[in-house]
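Contents: one structure, followed by commentary.
Chains here go by letter, A, B, C and D, matching the order in which they are written, and residues are numbered from 1 within each.
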Amino acid sequence: MIQEFIKTRAYSEELCKPLQTEDFVIQPVEFVSPTKWHLAHTTWFFEVFVLTKFKKGYKLYNKNFPYLFNSYYEAKGDRVMRAHRGNLSRPTVDEIFRYRTYVTKALKELLETSEEKELLKLVEIGIHHEKQHQELLLMDIKYCFGHNPLYPIYKSDFDEKSSEDSQQRWLSIEEGLFEIGHQEKGFCYDNETKAHKVFLQKFEISNRLVTNGEFLEFINDGGYKKPLLWHAEAWDWIQNEKIEHPLYWQKTKEGWKEFHLSGLEKLNQNHVLSHVSYFEASAFAQWKGYRLPTEFEWEVSQDQFSWGNRWEWTESAYLPYPNYEKAPGALGEYNGKFMVNQKVLRGGSAFTSGDHTRKTYRNFFHPHMRWQQNGVRLAK
Amino acid sequence: MIQEFIKTRAYSEELCKPLQTEDFVIQPVEFVSPTKWHLAHTTWFFEVFVLTKFKKGYKLYNKNFPYLFNSYYEAKGDRVMRAHRGNLSRPTVDEIFRYRTYVTKALKELLETSEEKELLKLVEIGIHHEKQHQELLLMDIKYCFGHNPLYPIYKSDFDEKSSEDSQQRWLSIEEGLFEIGHQEKGFCYDNETKAHKVFLQKFEISNRLVTNGEFLEFINDGGYKKPLLWHAEAWDWIQNEKIEHPLYWQKTKEGWKEFHLSGLEKLNQNHVLSHVSYFEASAFAQWKGYRLPTEFEWEVSQDQFSWGNRWEWTESAYLPYPNYEKAPGALGEYNGKFMVNQKVLRGGSAFTSGDHTRKTYRNFFHPHMRWQQNGVRLAK
Amino acid sequence: MIQEFIKTRAYSEELCKPLQTEDFVIQPVEFVSPTKWHLAHTTWFFEVFVLTKFKKGYKLYNKNFPYLFNSYYEAKGDRVMRAHRGNLSRPTVDEIFRYRTYVTKALKELLETSEEKELLKLVEIGIHHEKQHQELLLMDIKYCFGHNPLYPIYKSDFDEKSSEDSQQRWLSIEEGLFEIGHQEKGFCYDNETKAHKVFLQKFEISNRLVTNGEFLEFINDGGYKKPLLWHAEAWDWIQNEKIEHPLYWQKTKEGWKEFHLSGLEKLNQNHVLSHVSYFEASAFAQWKGYRLPTEFEWEVSQDQFSWGNRWEWTESAYLPYPNYEKAPGALGEYNGKFMVNQKVLRGGSAFTSGDHTRKTYRNFFHPHMRWQQNGVRLAK
Amino acid sequence: MIQEFIKTRAYSEELCKPLQTEDFVIQPVEFVSPTKWHLAHTTWFFEVFVLTKFKKGYKLYNKNFPYLFNSYYEAKGDRVMRAHRGNLSRPTVDEIFRYRTYVTKALKELLETSEEKELLKLVEIGIHHEKQHQELLLMDIKYCFGHNPLYPIYKSDFDEKSSEDSQQRWLSIEEGLFEIGHQEKGFCYDNETKAHKVFLQKFEISNRLVTNGEFLEFINDGGYKKPLLWHAEAWDWIQNEKIEHPLYWQKTKEGWKEFHLSGLEKLNQNHVLSHVSYFEASAFAQWKGYRLPTEFEWEVSQDQFSWGNRWEWTESAYLPYPNYEKAPGALGEYNGKFMVNQKVLRGGSAFTSGDHTRKTYRNFFHPHMRWQQNGVRLAK
């Protein structure tokens, strides 16, 4: 556990190596957080959920930091409004690295002296929490750089693209009763439980994700201008926001380009489509005459296709499983309170840290969100 | 069919008898439509979906009316923005009644001369469509009157209250595979199909709805001030909108009052709670240590309790059933395009027209909406 | 005074003769008030400023009406928010006419028995106040009808147009000290005082107002697309609101049309331009190489040209004159609290009631407002 | 001129010495610009108004920078929206310093080889422009630090406070004709011309500015809760924004504190009041029974009192003087297009660079703005 903890802490800092100080600070839109906030918030998590509880005589690094770095835990008190995270130039990046060192050291010492079960459980959650923020950090950096007219490069060899040149085929699954959810051997989030049975009708699911080339046909056929393909809220959204293509695409005099963490490049039609909203994924599926799979269909068929390079939109709303139980206190706010108006995504992405996913993992976003690295798999 | 058509048309007008001319005009909030708009829009529906298609030489009553009275059918062309329906003093109420007479007469003539199957199907939908608007008309009038400082009375003998003094009991249903959805004998909306099997875990469901008295305990216990009971979006909503009680309740010097179509009255604690959002229903259930039923649980157990006096919030998101198919063209916009970010309600209400509900009927609203006459049934 | 009072009250009702009940109710935009609100508010003014103060034993017609019909007098207590005036279907129009009759009768009785000076002064203000609302009533009706796709006619012989076919000439005024403001013989508003001296440089002012034809040249020359002609706030405004022509103009397949209270008509190029904002007036003047006059220039030269058919935008900000004194109490809110961010207009319009203007009269509106009947006179 | 140019450029950089890299980046609210933007924008001004015009073969430092660093010059093309200035982490602070060096060097070379009159005039404007931004830079840093929960210190010996312990006296000026405006010997902005005569009534003006202690009496007397003291727009503003005290005041358990560039300190009642809006200045004056001076009253009496440590709100609207002429082209956008809805301030402040003010200088802000270092002088 100590090793995993140290490794995770180090990896967050590793991800920041290509950044300039200025890049740690900005928040171009409310749902994007500054890099330095991610670094501090994951540290705060260990500080308030673990150290203040288990470490005798632990002294907060700075008594103002809980106010600055709490994200959304009502049970943990007031905090800076989310939209204001990018308004704070202090504490500086250097100061936050010192904060990290202080907390990492204190927690390492604690773990060397105690193996209390609840402690270990909380540290484990803290590690997984930090891994989630590692993915958010990359998503947010991509947003910052992809919206800067200079299109800075994060890392020229960062490879987030993947090709799908294999033939599209339909995998067929017969109707039946299936086991869904996590068996609770090993770590999982509360939202993956309780494991339970689900009855599914016969369905077919694609062996691969939709490509840029396929989505370009949708655009060229006027897909963004045909209201009957879209949900009513989706149609309002594309009108109001003037949405005409995936998030990081742009139409230039030299043709379509796509922004990656490795820079602005010519759009590759064989690459897997990414950075579309559920709304766009659903409209595209309608246009093809198909639909998106449910999260249950995905889970029962996932051993028949390869996945993990893109979070895949499902048709399923993010809802509690039968007999779902929230953790008591602040940790109960981790997942449960978001179970309305969001859609489940399954899989994982090129931004996902190492082993931080599994077949029962339920990621979730609002249907208009698209700054996560996502993809579209069709079903019928 | 002719008889049902005539009866339905007449009933819409019957509902307007207690109103003054001014009451037909106003739209105090975007989601409420003016009474005269309901009267005209249901007429427009018959005009554009039926008469222009099936009646030879049919002449539109007024060529501007389709622009004025289309609701949300993109396939039927441009229209007045929803929020502007209450900005139009013309056509007058009298003119709209003349429009109704013109269309009713033309359709009656048509039905007397043709029994074409598609025609009858469209008229049937038009009748059900008008019944839905009859309920909306009452909801909207209640909103208009309930937000007027004079608290006008719609009808002093309109009875929308119902008592629940019976003892609360839990009905228990064993796990199993159940048939869900409409068998398509007789009329149903497309969203009730296809009938299909669902596997449910064992569950218990209350024999009755929550009462005002029970909800008052929630308020008195500070339920609206405890963030851990609420979804994150719900908490934002009650903060921003300063929500502290159900929609038509008010705290006065003489104690709690509740507004009904029969006027402003002392709150009766034995009456069934109504006009709460899904957010409030869910927070209340959490506070009690229970939850809301899913729409499937409701459907398979509904023969064991009485229902129909309140639309009952369920935990289920409004999503397509397996193998759901939208109707082609404009009618495909009736239901399918709303299948995101909404919650299913089951049952019916005191505002629901005659036979316009059934056990498979899926009503739906956004989770913060509460001007429909609704109720809360608990499950566990 | 009694006669003037009765005549004024009657004239307000006379103006409503061409209206349908529905027309009294709507408020399509916040700055437009429903006709029935104007009728009631002017009545409320007499009730609370005069009757409750001077008439022994006077009983309010309805104790809720002060809440409903106070406009902006903080000293007179809470009130319906301005934007919600059109949300109230009750009291009905008939009820408001009964309210008017009740108050008119009571005030007539009072005036027959008392000639107290303060009473007479307040009634005089009330009369002028009602005349102001008579103009607002016409402005608001024009807005309601001009934004209804059916373009209803208020009165087919209502003549609000005036021609300017005379040759444009410059009237020249030599520099000097001039007397400005009202001498306080006869009625005036507090904002016209104190009379005082102003030194003006030599200037020239046009003998006539700008015509539609002249403004059309501005449009055809791309005036709305040239940022350097506009104030910064004006430019933002025309971008955000997509302003491309005066308020009641529209470009149709058959050429430019203009809406009047007498209906939608072909634009007449010889008619005086109206319904432009200060922003548009100023941009037009810049384009011509001239400017707008100040209110002082207007006042000292007004005897050399004819005026009264259009409120004329001036370059002057609406500010207190030297030694201006607000009336004590609620009446002090009549004018003084609006003396920021508004522009002065001088003259009068075809909507202005009878003798309700004079050369020292200072009308005022925000620079983007244009639903008043206004015009543009150039200076240099 | 070369010397003044070099000195001005160096002083901008001098002001940044106490800052951390992170402090250069943020934009907590639309009207505040990032420090690095100020550094780059003032450089851009020299680049596009001078170098590209006068220096043969001049190569832009970076062809994207004009898009990034144009402020509001429509004639100079598209630009980053004002609200998005803080969303750009790149170019970095180091890069912008290199940009400054490049442009400073090029301009120095140019000045060493040419003494063309128009060139010198433009460089002179550029120098004054940069001095204006030096003041903005300090205002903006104060805003950033004053809204950071850690209340960072810019410079512990930065002295922006000034005491007014002298007795308040009224200076009396007899009525008469006065010369107003700049005589155009030496530099001035176009808005200070043409010099012209103004007739003023007799008035009295205070010998000193209002103190914190005096304003505290206003607060303690409920000044922020008395609607009759406020303009209508001011009252809406204090309600909506929950304004209850000057911008940098805060009420703590240990009493009132005030934030300065030297840190958060106990409020000193003898210090001059600062950081109030025109709305607050005007309400305070009303409460005292006095008023604010006009800009003309200020100008003609300014030699009888000391000034320069606070921009003083006047009652005057920011309007063109008689015979005002905008410069042709983009420079015409410098002042003229802001001449609506703003108020004139006279004087200067502790943030104003060296000699960058004079008795005819017209500063201007919207009436609700208060992040400039301002003050209140009373008149009657």
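Quick note on the criterion: contacts are C-beta pairs under 8 Å (C-beta built on N, C-alpha and C of every residue); 3 or more make two chains touch, one makes a residue touch a chain.
Which chain is which protein? Per UniProt: A, B, C, D = Ergothioneine biosynthesis protein EgtB.
All figures in this text were calculated on a predicted structure; none of them were measured in a lab.
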Field: Number of steps on the shortest touching-chain route linking chain B and chain D
entry: 2
- line: If chain centres are mean C-alpha positions, then the most distant from chain A is chain C
Query: With chain centres defined as C-alpha means, what is the inter-centre distance between chain A and chain C in Å?
result: 57
Query: Between chain C and chain D, what's the gap in Å when you average each chain's C-alpha atoms?
result: 36
- prompt: Cα centroid separation between chain A and chain D, in whole Å?
  reply: 44
Message: Which positions in chain B are in touch with at least two other chains?
response: none
- prompt: Every touching chain pair, please?
  reply: A-B, A-D, B-C, C-D
Field: Residue ranges of chain A in contact with chain B within the complex
entry: 72, 74-75, 177, 196-199, 201, 203, 227-228, 230-235, 278-279, 282, 291, 315-317, 319-320, 322-323, 332-333, 337-341, 367
Query: Can you name the residues of chain B that touch chain C in the complex?
result: 20-29, 36, 64, 67-68, 80, 84, 86-93, 144, 147-150, 152
